[in-house]
Every structure is written in structure tokens, then in C-alpha cells.
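Below: a set of structures, written as C-alpha cells.
Next come two complexes built around subunit A: one with subunit B, the other with subunit C.
On to the complex of A and B.
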């Protein structure tokens, strides 16, 4: 799976959420089929709530990991969604 | 200026700022976001938290007032309303969205290492100082569009007891809040380390505002000192010009603190007066609170590689907020956490103006600043 990293550290609020939504929409097909995983790097603590909330509402799986001084928020297709598409 | 009363004032302000900065950082208590997200994302979560906070302050302050613990009411600094409050609120709304945070949000975010917030802070000082250049024109406009002279609060306007009006409004606010509480709509999950649920933060901030009212006599406010900082800079480089500006001779506060046995008197001029004792420690505390929180979490890191359009947005937003906080007069913290809970008409008008301002700010942010 290809990983696309988007560094949003230091950016103005609410740039992180807007950028994330834009990237998710722009990569919708690749995301749904499991070809790509979006990996957002953010130092905006609010994003650890808003991005997962929005991505989950759009039907994606999300993981959040703290990395040193920032958070890595990964958005990817749900396993069952991928199975359906590959079947 | 070195008596016990002065020391208690400065110490209280510093501790209040420190606690508020820490709490706001841990819970992402961004008041700019509370209104902005309503228009930008149709999200009302943060707004619900704001309503809870206002209700808590409303109840605490009214209880303190009924218990005879508040000597001066309405609070010093609140006066008759004017349509200038509304116009100021509108400009403030645009500014806080473009800056990525309000006057307090800018401070705790700056303390946590956000360079864009430091740029917004610089804009705030520039804007507050620029206001001095057209203060007399704006003051005459504000006087011309003055409404309801002599009526400071809604209760005074409708001719009822403050307690009666507060009881009715507090009950009306409590009903939806209770429903949201039962439906779990006041809680949000976050993966951030040391996350403080915003509803807890709101209640803590309500306590801090009440402590400020009980000890210092007024709610939290900081923007006069932005103008004061600007006045110092102007008087350093152009003392003659600073001397000639009428705004720098104005008095923002002049009231006795019966509890501490001192009188607070001062304004935006470049003098070290008692306003400095209240507001500068509060500003320093908010920055330090954000810094302390982020350091304890090990998340402090400065990331300066931000698109130029965002720096420009933060600076322009800061200028607009600085200007608007003098035009309104005062900022969102003063009006939303101080004036609205006592139903000050000035604050209600400021918030009415804040709404379209936040909407417009959101449009500018998405349409221009974050377009690419």
C-alpha cells in the first residue's frame, strides 16, 4: 500500500482539518480500494479529534499515534471495504 | 505600586492566566473555533461547550452577587451600549478567524510554540495601536449611535431584578444543555495526550472568571494592555506623536477594590498603572500556561515552515482583532465570559456582531488563505 504523507505541522487553525478533508476527497477512489493510506502529521491537538471524527463519518478507518512532538493521523480503508472491492 | 493589594492583584492575575492557559491548551478551548466551526463545518460541539461555560459563570456570579460578595455591579468597564459594540464585534469575528485564534487563544497557542500565533500577537499590538490614530472619530461615531442610555444590563432595560432575569435565562439554557448531557453530546473522544474534556475545562474557566470577579472586581480582560504595549513602542520612537494622541490619555478603569483596599486606575497610555498590574500578568500567565502544558507533554517544537498566506492571514487577523477590540470596546473573553453571563447589553450586541464576522472570516479563510 502506498503511503502519502502530508505534513501540516505549525499551520494555522483549522487548516489541518480542511487539508485533511481535501486530501481524503481528492484520493477517494485510491483510499476506498486500499491502494493508498493518507498519513497526516499534525501538531494541532484538536486534529486528533476532528480528523478521526470526520474520516470515520466518511466510512474510513483511522489510527492516531503520538510521534515525539506531534501526532500521526492515518486514514485508510476499512478491511471489509477493501475485501468487498477486491472480491 | 508595591503594596499588598497590588501584589495580590498581580499574583492573582498571573495565577489565573497560568491556569487558564494550561486548561485551554489541554482542552483545545479555542473560542474562535467555537463560532468558526459552526459556519465552516456545521459543527456545534464547541458551541455547546461555550453555552455550558456561560451558564456556569452566570450561575456562579449571580450566586456570589446574591451572597453580597460582589461590591460593584454592573462590573466596572461596562457602560451604556452603542451600535459601535455590534460593528466592533463584527470586525473582531473576521479577525479572530483569520488569526486562527482569539486574543486568549493566540496567547496560549503562542506559548505552545505556534509561530503563526506569535505573528497574530504582533498584529494585535499593531491593530490596538493603530486605533489610537482615529479614536476621536470613532468615539464620536459611537456616541452618535448610542442606544438605551443608562441601561447596562438586560435586567435594567426590562425593568426587572437581575436575579429574576438571570433565573429565567439560566433555566432556558439549562434545558438543552441537560438534554445534550444525557445524549453524550458534551463529550468528545480525542487521542491527544493529557486531553481535558472541554466541558470540564469550561467549568474550570467559569471558576477562574468568578475568582477574578471576587478578588479583582472585574472579569478577565486583556486588550487594553495590547494598546498599552503599542503606546510604549510609539512613545519610544515618536514621543511627541504619542503625547498628542487623545486615546493614550483616556482612562479605561477607575474603580475601588474594597476587598484589597486599593483603587485601580489607568488606561491605554504608556504609563505603568494599575491596569498593567491586572492585565500584563494575565497575558504572561496565559502564554506561560500554554508553554507549561506543552512542555509537560513533551510536545514543544517550533515549526516555522508554514505557507506565507497563513502568516499574512494571522497578521491581518491580529490587526483586525486589535482594532476591533478597541472599537467594540474590548474582546471576546471580556464580552462572552464576562458580559454575557450578566446579560450586559454591550456584550449581547458584540456577540450579535461576532456571528456574521466569524462567517465572513471563514469565507475569506477557505476562499483565499487556504485555497491551494
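On to the complex of A and C.
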């Protein structure tokens, strides 16, 4: 699976959310089929709530990992969604 | 004259341009404000903060097209919701099919005791009117009461917030086993209760008849003059009759804890074990002669028959019927 990293450090919500949504929209098909995983780097704590919640509402799986100076928010397809799309 | 001078120097055109520019600026300001307002409305719906003016200036705001971005995101949300609704509908159909296929009556009640879902079996069990069932309280529909009845499984579950099983719940002369399970929300509050009813009226009646017949058998065995004993595979006594107790000198309370080999004379124990092995294979023994040991140590010669009952291929108990041999008959306590 290809990983696309988007560095949003220095941005705060809602700009970071809008940026994340643009990326998710632009990569919708690749995301849904499991070809790509979007990895957002953010140092804004609010983004760790708004981006995962929005992405989950859109039907994606999300993981948030705390790294040294930022958060890594990964957005990817749900396993059952991938199976459905590839079937 | 002044107008002429202005026209000559182009002041009138400038004024018109200024006026037009002002108008255009106002229009753009209104458009940008509209975009901000609508964007913020959508962002609030997405669960985030509104855009601060210092965060995105007007030019950037138009360039990044936030309304388009959020609208595309909403399109995906709606697509996901549609998919989710389809799955929920399928899950609902599956649950309904499961409810219909089981042989017990099932109802789903909400926290106000109102019926939210039911299967056909529960309608048959309590002759319910399906037209008015949804929204009716359980006590109205099933118990025919406006208040909670005594021994209400639903009330017990709401009180303890735990699953509860009530065996032999009686309603209108019929017997039921009732099992209930609470469904809780993320805060641990009971939002729904699932109740499952199994009618046991036939089983209860059969058990009553069996108990009566068992009592008749026990009365017969208790009053015959032959010695009767029922022994489990571990040697404990399930039943001994009065003749047995009187012949061997034991009181009823002394039978508990007594083992079969305690009443067999030492020289007969080896043969007795052989008999036991034969019985475990399902063979009935007749004409068995042995010496039973009285409580006071006196040996009592007896003759009789023994068989073994089985359940699922496993021995349950041996049943022995003995009579005293001639020299003991009539006076078992002669030498005691």
C-alpha cells in the first residue's frame, strides 16, 4: 500500500481539517480500494479529534499516533470496505 | 460651468470609476462574507471551529474553495451513511429471521417497558393482537395489567441491570421459563431489555405426574416385606425400604453416608464386586445369594435379584430386591 504523507505542522483547525478533507476527497477512489493510505502530520491537538471524527463519518478507518513533536493521523480504508471494492 | 470643467478634466469618469469600484468591493465583500458564513456553518456541522479571519484571508478563502471541499466530504459522508443504512437494514432482517426461527417467544422492550420488536412465537404464546402490539407495555400485552405484576422479570432486570432467569413463572395457569437480558448504552444505562419466554406447562404437568407415580412406587416398595435397595455406582444408597432398615437395624438418617460395602459381610465382598461388574454391562442377576451385615455385625443371609438402570449408556443405579432366607425369616433380630 502506498503511503502519502501530508505535513500540516504549523496549521491549526479548521484549516488543517479543510486541508485533510481536500486530500481525502482528491484520493477518494485510491483510499476506498486500499491502494493508498494518507498520513497527516499535525502539531495541533484539535486536529487529532476533528480529522479522525470526520474521516470516520466518511467511512474510513483512522489511527492517531503521538510522535516526538507531532501527531500522525493515518486515514485508510476499512478492511471490509477494501474486500467489497476488490471483489 | 463646473460640470463642463469636470468633464473637460475627466473628473466625472473618475467619480464613476470610484463609484463602480466601491460597488464591486461591496459586492465582493458580501460574497466573501457569504462564503465564510456558509463555510463556518458546514464546519460547525463537521464538529470543528469556524474559520478565523486572520487564519484565511479573503483571497485564500476563495482559492481553496472550502464550501466545495466540505460539500465533497459531505457527499462521502452521505454515501457512507447510505451504505451503513443498507447494512443496518440487512442486520435488522437477519435479526428478524433469527427471532422467527427460534422456538421461544421473544420481545424487545425499551426503558419504558414498551414493546419495540417481537417474534411470531410470542404472539402465538400469549394470543397477542399484532395490530396494537408495538408501543404497548409488556404488562398490558402479556399480563393484562396496567401496573407491574409481582415477580416481573423486566422490573428485576431494570433494578439489577443484570441478566435474570425466572423458572416457572405462572401466567393464567400456564407455566413459563423467562430469561431476560439488558442492553446498555455506553454509560451503562439500560436502554432495552430482551425477554425470552419458553412455555413449560406440559413439562411441569409431566413432572407432577411422574412425581405422583414415583411416590406410589415408593409407597409400594416401602410397604412390601422384601428388602429393597437402590445403590449408585459409587456405592451410596439412593433408596432403601422399611424392611431393609428394620432388617439391618439402621435409622433413616443413618443411611446418608452409608456405603454398600458397609452392609456386605467381608467374605462376600469379592463376589459382590464381581456381581457389580456384571451389572455394569447391563446383565440382570437373579438368584443372588449373599450375607448382608447388620449394623450390630450380625450376618443376614438373603437371596434376590439385581439389575442396573442406564442413561445415555452410563449406569445410574442398581436396584436390588432380596428376601430373607428361611432361617432368618420372621425373626431377623433373633440373635441381636
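Points worth noting:
Here, the second predicted complex is superposed on the first by the 85 of 87 C-alpha atoms of A that agree within 3 Å, B and C clash if a C-alpha of one lies under 4 Å from a C-alpha of the other, contacts with A are read in each partner's own complex, and residues count from 1 in each chain.
Just so we're on the same page, a contact is a pair of C-beta atoms (placed from the backbone, for glycine too) under 8 Å apart; a residue touches a chain by one contact, two chains touch by 3 or more.
Computed from a prediction, not measured in an experiment: that's the story for all the values here.
When subunit A is checked against subunit B and against subunit C, the one touching more of its residues turns out to be B. Touch criterion met: A:15 reaches subunit B and subunit C at once. Once the two complexes are overlaid on the shared chain, A:59 sits against subunit C while remaining clear of subunit B. In the superposed pair of complexes, A:39 makes contact with neither subunit B nor subunit C. Contact with subunit C, but none with subunit B, is seen for A:24 once the two complexes are overlaid on the shared chain.
Shared-chain residue A:48: touches subunit B; no touch with subunit C. Residue overlap on subunit A between its contacts with subunit B in one complex and with subunit C in the other: 12-15, 17-18, 46, 49-50, 53-54. Taken together, the subunit C residues at the contact with subunit A in this complex read 43, 46-51, 55-56, 64, 66, 69-70, 72-73, 76-77, 79-80, 83-84.
Subunit A meets subunit B in the complex at residues 9-15, 17-19, 43, 45-46, 48-50, 52-54, 64, 66, 68-71.
The touching residues of subunit B, when paired with subunit A in their complex, are 25, 28, 30, 32-33, 36-37, 40-41, 100-101, 109, 113-116, 188-193, 195, 298-307, 310, 313-314, 366, 369-370. For subunit A in complex with subunit C, the touching residues are 12-15, 17-18, 21-22, 24-25, 28, 46, 49-50, 53-54, 57-59.
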